[in-house]
Every structure is written in structure tokens, then in C-alpha cells.
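Heads up, there are several structures right after this.
One chain, chain A, links the two complexes that follow: it is found with chain B in the first and with chain C in the second.
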Partner chain A sequence: MLELKNLCKRYGQTQALDNVQLSVGPGEIVGLFGENGAGKTTLMKCILQLILYDAGGITLDGKLITRQNIGRFSFATCEHSFFPALTAKAHRDFYEEHFETFLGRRFEGLMDFFQLPMDKPIRSFSTGQKNQFEVIMALSQGADYILMDEPFAGNDIFNREDFYKVLLGILEPHETVILSTHLIEEVPGFIGRAVLLHHGKIVGDTQTAELDEQGKTLMDYVKETYSYQSDRVSRALTELTGKEDEDA
Partner chain B sequence: MKKQVSVFGLHVRAVLPRLLSAALGLLAVELILTGVCMIRGTAITLAGSDLEHALQYPFRAGILALQVLLASCFGSNSRYGYTLRRLRVSERCVFLWSCACSALCYAVLWCVQIMASVGAAFWNASSARYSAGPQGVFVDFYRSGFLHGLFPLADGYVWTRNALFVLALGCVTAYMQLGMRRKGSRSWLVCMGLTLLLVLCLPVQYGAGRSTGIFHAIAALLVGLAFLGFGLTQTHSGKDGLADEVD
Partner chain C sequence: MKWTKRLSRYTLPGMGLKWDASYFGLLFLVMVLVVLYTFLHDYQAALRALYVYRYGTQILRQGAVMPTLNTLLRHKFTVFWAYTAFCALRAFANYRSFFTETKSIYLMKRLKDKNELSRRCLAIPAAACGAALILFLLLLWLFVLIYRNGVPARCMPPEETLNIWGAFF
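Showing the complex of A and B:
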């Protein structure tokens, strides 16, 4: 169980995370949503100990996150965390040596599925291929908690759909995924829980099954939670052009 | 230990193509320049000749080029530091392995230059109308400041200086790599400036080992220790599991 208690992080005057309380259990697939600057990336980096947090605590199965258990997390980020000058084969060898849990068969299978070359440096890949490789490494590390921060930025819709399907097909019951994305319409069939961040605070946390029971879509829930004003576009257009928006 | 060796192996994999291109590039440039010098006329002794310059300046440029190549050996546009920080091996160890690997690369380039210089000296000796033969080549490595600094034969002071040069260059380059990993580091100019100073100090006259050589050795030691210290204080030991601020 991953537990975040009263997590606070401030960048200068900006409160990036404000008393965040969150528990994520084994096997959950959690979607992390929020506007730009809501604190999604900061939250993930705090979990991974990539940045220092100011207050609160993060534990994994009751233990602080140290070098002893950091290998239970993997990370796929749109910033990319692979070694661009090395080949996929060199990455596999390196991961095998450092992560005892590395899933070689999964790695080979995913590389085959996405038809990525093993012997070319990753820097020669297209943006979409780089994203695919980033996610493949995160999935193949054999981590219990797979953190993904906008991993499909730059990939086309077919590519993303393929990934969601593959992910659902290959994940083991104990594997937990925390996926941060803006592509809310694409993930309802994939995630089991939605966590909404706003100005560093958790403003919504629900199971998608509960939304189904209530007859709501994930998008409805997000709009409702953020008090989205659907008429703001037409109002803005009216103010800008001085005439009523005909479509509104 | 296997994990430690693996981190070293990762560095070796990344630097090998770059070291090869630097070494081959250096050899090619020196071969061309030596050929041009030989066409223009052989020298009785290499000291002060065009051939000495043809060997000296490309080597200095080669060291600077290798530094840039090594500092960016893992490539840009990626936060591969995120992966390194998820390893059981501490970031401090990664930095030390990077120092060792970079120093090794400079040592290899140095050896390549020694072989190129010996080869050029023999070529010159065999082509010259008046030549002292192999003995003349031996004497060249005492008469020429550059060749003596490069390959000081029995001059222990200069050997020590050279070893410290190589280690200092390794530490400076590892620090530049750390800067690349962390992004936003503006230390490259300082690093390259100091490397340029070290490179300018390469020639040392025979007999000056005890004075100039020791002065150079102390300078290299200070530069090496400074950058080793900067690197160690800016990386995390991994003892308490807390992170360094990277953003």
C-alpha cells in the first residue's frame, strides 16, 4: 500500500501540493487528473523521491521510501528517462542487472508488438517511438507501482488505444498503475479510480464503477468537480466580438 | 559489486563510440599534418620543428573535443538521471564511476597520442637524409618539451604530473556530465576553461620536472579535488533515502 500523508510542497510562493492525503493499494489503476500546474507531476516526483517535499510523509507498505525499496517503483515520463545514446538492447541488459524483477519476456513482447528496433540508439527513434519505449521500460522493470506522467504526449490516437489495450492485457493483479493524463475521454475504460487535483489539493477521488452506477461519465464528474462553466466560451466570445455567439 | 560494475559498464558503453571517434579523428588529422610536414621537408630533430607543432596542437584540441563528447555521452533531451536515481547504487557512486571512466578515456587518448608521436618520429627519422636513427627518436623525447611532457621516459615527476592531469580531467568531465543530467548547469565554461589551462601546460622541458612538473601536478591535483568535491557534495549518498532537489 502506497500512502501519502499530509504531503506539502511549495515552489517559492506557489503551493504545489497542499496537505495531500492518498492511499493506493495493490492492483489499482488510478487516473490522476488536473489542470496544468495542479501538482500531478510534483506528486509523482515526490513519491519517487526525485524532489524534496516540505512536510508530510510517504510510505510504501509502512516503510519510508529509500534506496532499498525505490526499485518497486517505475516511472514513465513525457520528459523521458532513458539513455538516448544507448540501444534498446543495452537498456535491457542494464535493467536486468539492476532490477531482479525485470520482465524480459514482457520487454521482448512489447518491443515486438510496437516493432521497435533493438540495435539502434533510442535518440534515432521518432517521438512516438520514444514514448513507446519509455512506457515499455516502465512496464518491464517488474515494479509493483508503475507511475506514468503524460506518457503518450505526441502519440497518435491509434497508438494510444493500442497501449491501453495492451496494458489491460498484460498487467498482473498486484501491479498498480498511477497514470497522469489530460486525455480524460480516452481512459474511462482503462482506469478503476479517478483522483482529481486542483491547486495542489485533492478535490475528487472516486471509483469509476461508482460513476457507472450513478450514470455519470468521467468527464461529467471532472466538470462537476471543477465547477466547469460550459457557457464561458460563448460569454467570452460575446465580450470579445461584441455579438452573440450563434452556436451558443 | 555486480551492480557497481554494471554502472561502470553503462558508462563504458556510452563513451566507447565517442572515444573511438575522437581517437580516430586525432590520428587522421595528425597523419595528414605529418604527411604535409614530411613533404615540405624532414627535420633533423623534432624539437621546435613543424612536425612537433603538427602533433602538439591537434592533441590539445583532441582533449577538448573528447571532453565535450564525454560530457554529453548519454545524449541530451532526456532526464536519464531519474533512472539512475531509482537504482540501488547511490548517485555518488555513479559520479565516481563516471570519474573513473572519463579518466580512463583520457588515458587511452594519451596512449594513442604517444603511439602517434613515436610513429611520426620514426617516420621522420627514416625519411631524413641526415638522421641519428632510433637513438635520435629517443633523444627527441628529451629535447622536445611537448614530447617529453607526453612521454617522459625516466622522469618520474612528469609521470606523476601526467597521471594527475588524467585524473583531474576525469573529475572535471564527470562534473560536466552531472551538470548535463541535472540540466540548467552553467559550469561548462568554467570546466572547459580549466581544461584549456591544463592542456596549455602539457609541454615540460627535460630537467624541469622537479620545478614545473610539480607545480603542474599541484595545479592538477587542486582542480581534480575541487571538482571531485563539488560532485560528491552535489550528489546523494543514498544513506537516508532522501532526495536532492533536481528541479
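Showing the complex of A and C:
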């Protein structure tokens, strides 16, 4: 169980995380949503100990996150964390050396499925291929908690669809995914829980099954939680053009 | 093949030994040439000053004394500090490389072995510094041999302890 208690992080005057309380259990697939600057990336980086947080605590099965258990997390980020000069094959060797849990068969299978070359430096890949490779490494590390921060930015819709399907097909019951994305409409079938962040605070946390029961879509829930004003655009246009919007 | 794979654990991922070898090899060569040139230039000049030329032959001057080896060596190895600075810069550039193009630093920080990052950044520059130090000791030994065998016995100055530090500062 991953537990975040009263997590606070400040960047100068900006409160990036404000008393965040979150528990994520084994096997959950959590979607993390929020506007730009809501604190999604900061939250993930705090979990991975990539940045220091100011207050609160993060534990994994009751233990602080250290070098001893950090290998239970993997991370796929839109910033990419692979070595650009290294080939896929050499990445496999590197991961095998450093992560005892590395899933060689999964790696080979995914590389094959996405038809990525094994012997070319990753820097020579297209943006979409780089994203695919980033996610493949995160999935193949053999981590219990797979954190993904906007991993598909730059991939086409078919590619993303493929990924969601493959992900659902290959994940073991104990593997947990925390996926941060803006592509709310694409993930309802993939995630089991949605966590909404706003100005560093958790403003919504629900199971997608509950939404289904209530007859709501994830997008409805997000708009409702953020008090989204649907007439905002028409009002703005009216103000800008001085004309009444005909559709409004 | 095996040893190159082993050594590649001390280099930046994907860069291999070739790059480091050519970078430090070139610096090494420049440094050796600078040290050799500056010492041999001064040594030759001092040796020439021991002689006078009469009718096309060189004759040892009366009472001529060779400058001491310490005098000839003074400041000759200061280039070592420039080399050390290059090594330090290289180590810093190695670290920065984990932030360029991608953020592979995120991966390095998730490794169980906390020494992996420092090993990849520091090992080769530190080894290059160590090799330079050994090279300087060898050069020093060479210069002592040249001095002892090249200076006429009559012109030898009173013996004094070899001041190695004087060569470096």
C-alpha cells in the first residue's frame, strides 16, 4: 500500500502540494487528473524521491521510501528517462543488471508488438516511438507501482488505444498504475479510480464503477468537481466580439 | 570483449570507452609534449651556457656550474593543474549529461546502487588524474636520468634534495 500523508510542497510562493492525503493499494489503476500546474508531476516526483517535500510523509507498505525499496516503483515520463545514446538492447542489459525483477519476456513482447528496433540508439527513434519505449521500460522493470506522467503526449490516437489495451492485457493483479493524463475521455475504460487535483489539493477521488452506477461519465464528474462553467466560452466570445453568440 | 563491457560500467551509458579514451588521450599527449618541451628547452639552454665556442669547437667554460635540477624543474609540471581542471570539468559534464536530451537522472536515482551515478561520473576522470600523476613521476625519473647523465661531472652543482613540489607550483 502506498500512503501519502499530509504531503506539502512549495516552490517559492506557489503551494504545489497542499496537505495531500492519498492511499493506493495493490492492483489499482488510478487516473490522476488536473489542470496544468495542479501538482500531478510534483506528486509523482515526491513519491519517487526525485524532489524533496516540505512536510508530511510517504510510505510504501509502512516503510519510508529509500534506495532499498525504490525499485518497487517505475516511472514513465513525457520528459523521458532513458539514455538517448543507448540501444534498446543495451537498455535491457542495464535494467537486468539493476532490477532483479526485470521482466525480459514482457520487454521482448512489447518491443515486438510496437515494432521498435533493438539495435538503434533511442535518440534516433521518432517522438512516438520514444514514448512507447519509455512506457515499455516502465512496464518491464517488474515494479509493483508503475507511475506514468503524460506518457502518451505526442502519440496518435490509435497508438494510445493500443497501449491501453495492451496495458490491461498484461498487468498482473498486484501491479498498480498511477497515470497522470489530460486525455480524460480516453481512459475511463482503463482506470478504476479517478483522483482530481486542483491547486495542489485533492478535490475529487472516486471509483469509476461508482460513476457508472450513478450514470455519470468521467468527464461529467471532472466538470462537476471543477465547477466547469459550460457557458464560459460563449460569454468570453460575447465580450470579445460584442455580439451575442447565436448558439448560446 | 569482456573487459570492454566491464569497463563500460564506468562510462556514461551509451558512450563507451572510445570517447573518453580520445578525450583524455589527446589531453594527455598535449600535456606530455608541453612538459617535455619546456624542460628540454631550459635544459638545453643551460647546458649550452656551460660551453664557449672557439674555432668551431665547444669548450667547457672555466668554473661553469649547471643550474640545479630543482631550478630546471621549477613550474614545469604546473600544466598538471590545468589537466586536473579539465578532469573536473569532464566529471561535471558527465553529471550534466544525465539532464540533457532526456532526464535519465530519474532512472539513475531509482537504482538500488547509490554509487552507480557517482561511478559513471567520476571514475574515468579520477583514473585519468591518477594516470597523469604516475606519468609525471615517470617524467621526473626521466629528467633525473637526463640530468645525471647529460651534465658534465665538473659542472655539477652541490647536491640538494629533489624538490618535487617546486615542479608543480
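Throughout what follows, the second predicted complex is superposed on the first by the 248 of 248 C-alpha atoms of A that agree within 3 Å, B and C clash if a C-alpha of one lies under 4 Å from a C-alpha of the other, contacts with A are read in each partner's own complex, and residues count from 1 in each chain.
Rule of thumb we're sticking to: a contact is a pair of C-beta atoms (placed from the backbone, for glycine too) under 8 Å apart; a residue touches a chain by one contact, two chains touch by 3 or more.
What you see is a predicted model, and the numbers here were worked out from it, not measured in a lab.
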Specify the outcome, clash or fit, for chain B and chain C once both structures are aligned onto chain A.
-> clash
Considering only the touch criterion stated at the top, classify A:Ile51 as touching first (chain B), second (chain C), both, or neither.
-> first
May I ask you to decide whether A:Phe107 touches chain B, chain C, both, or neither, giving the answer as first, second, both or neither?
-> neither
Considering only the touch criterion stated at the top, classify A:Phe190 as touching first (chain B), second (chain C), both, or neither.
-> neither
Figure out whether A:Phe33 sits in contact with chain B (first) or chain C (second), or with both, or with neither.
-> neither
Using the touch definition from the top, say if A:Phe152 reaches chain B (first), chain C (second), both or neither.
-> neither
Which of chain B and chain C A:Tyr221 touches, first, second, both or neither | neither
Report the partner of chain A that touches more of its residues: chain B or chain C.
-> B
Identify the partner contact of A:Phe133: answer first if only chain B is touched, second if only chain C is, both if each is, neither if none is.
-> neither
Which partner does A:Phe163 contact after superposing on A: first (chain B), second (chain C), both, neither?
-> neither
Between 23-31, 59-67 or 149-157, work out which stretch of chain C sticks into chain B after superposition.
-> 23-31
Chain B and chain C footprints on chain A, overlapping residues = 48-50, 67-68, 70-71, 73-75, 77, 79-86, 90, 94, 98, 121, 123
Mind listing the chain C positions that touch chain A in their complex?
-> 12-15, 101-107, 109-114, 116
Residues of chain A defined as touching chain C within the complex | 48-50, 67-68, 70-71, 73-75, 77, 79-87, 90, 94, 98, 121, 123
In their shared complex, at which residues does chain B touch chain A?
-> 2-3, 6, 9-10, 13-14, 17, 73-83, 85-90, 238, 240-247
Tell me, which parts of chain A touch chain B in their complex?
-> 45, 48-52, 64-68, 70-71, 73-75, 77, 79-86, 90, 94, 97-98, 121-123
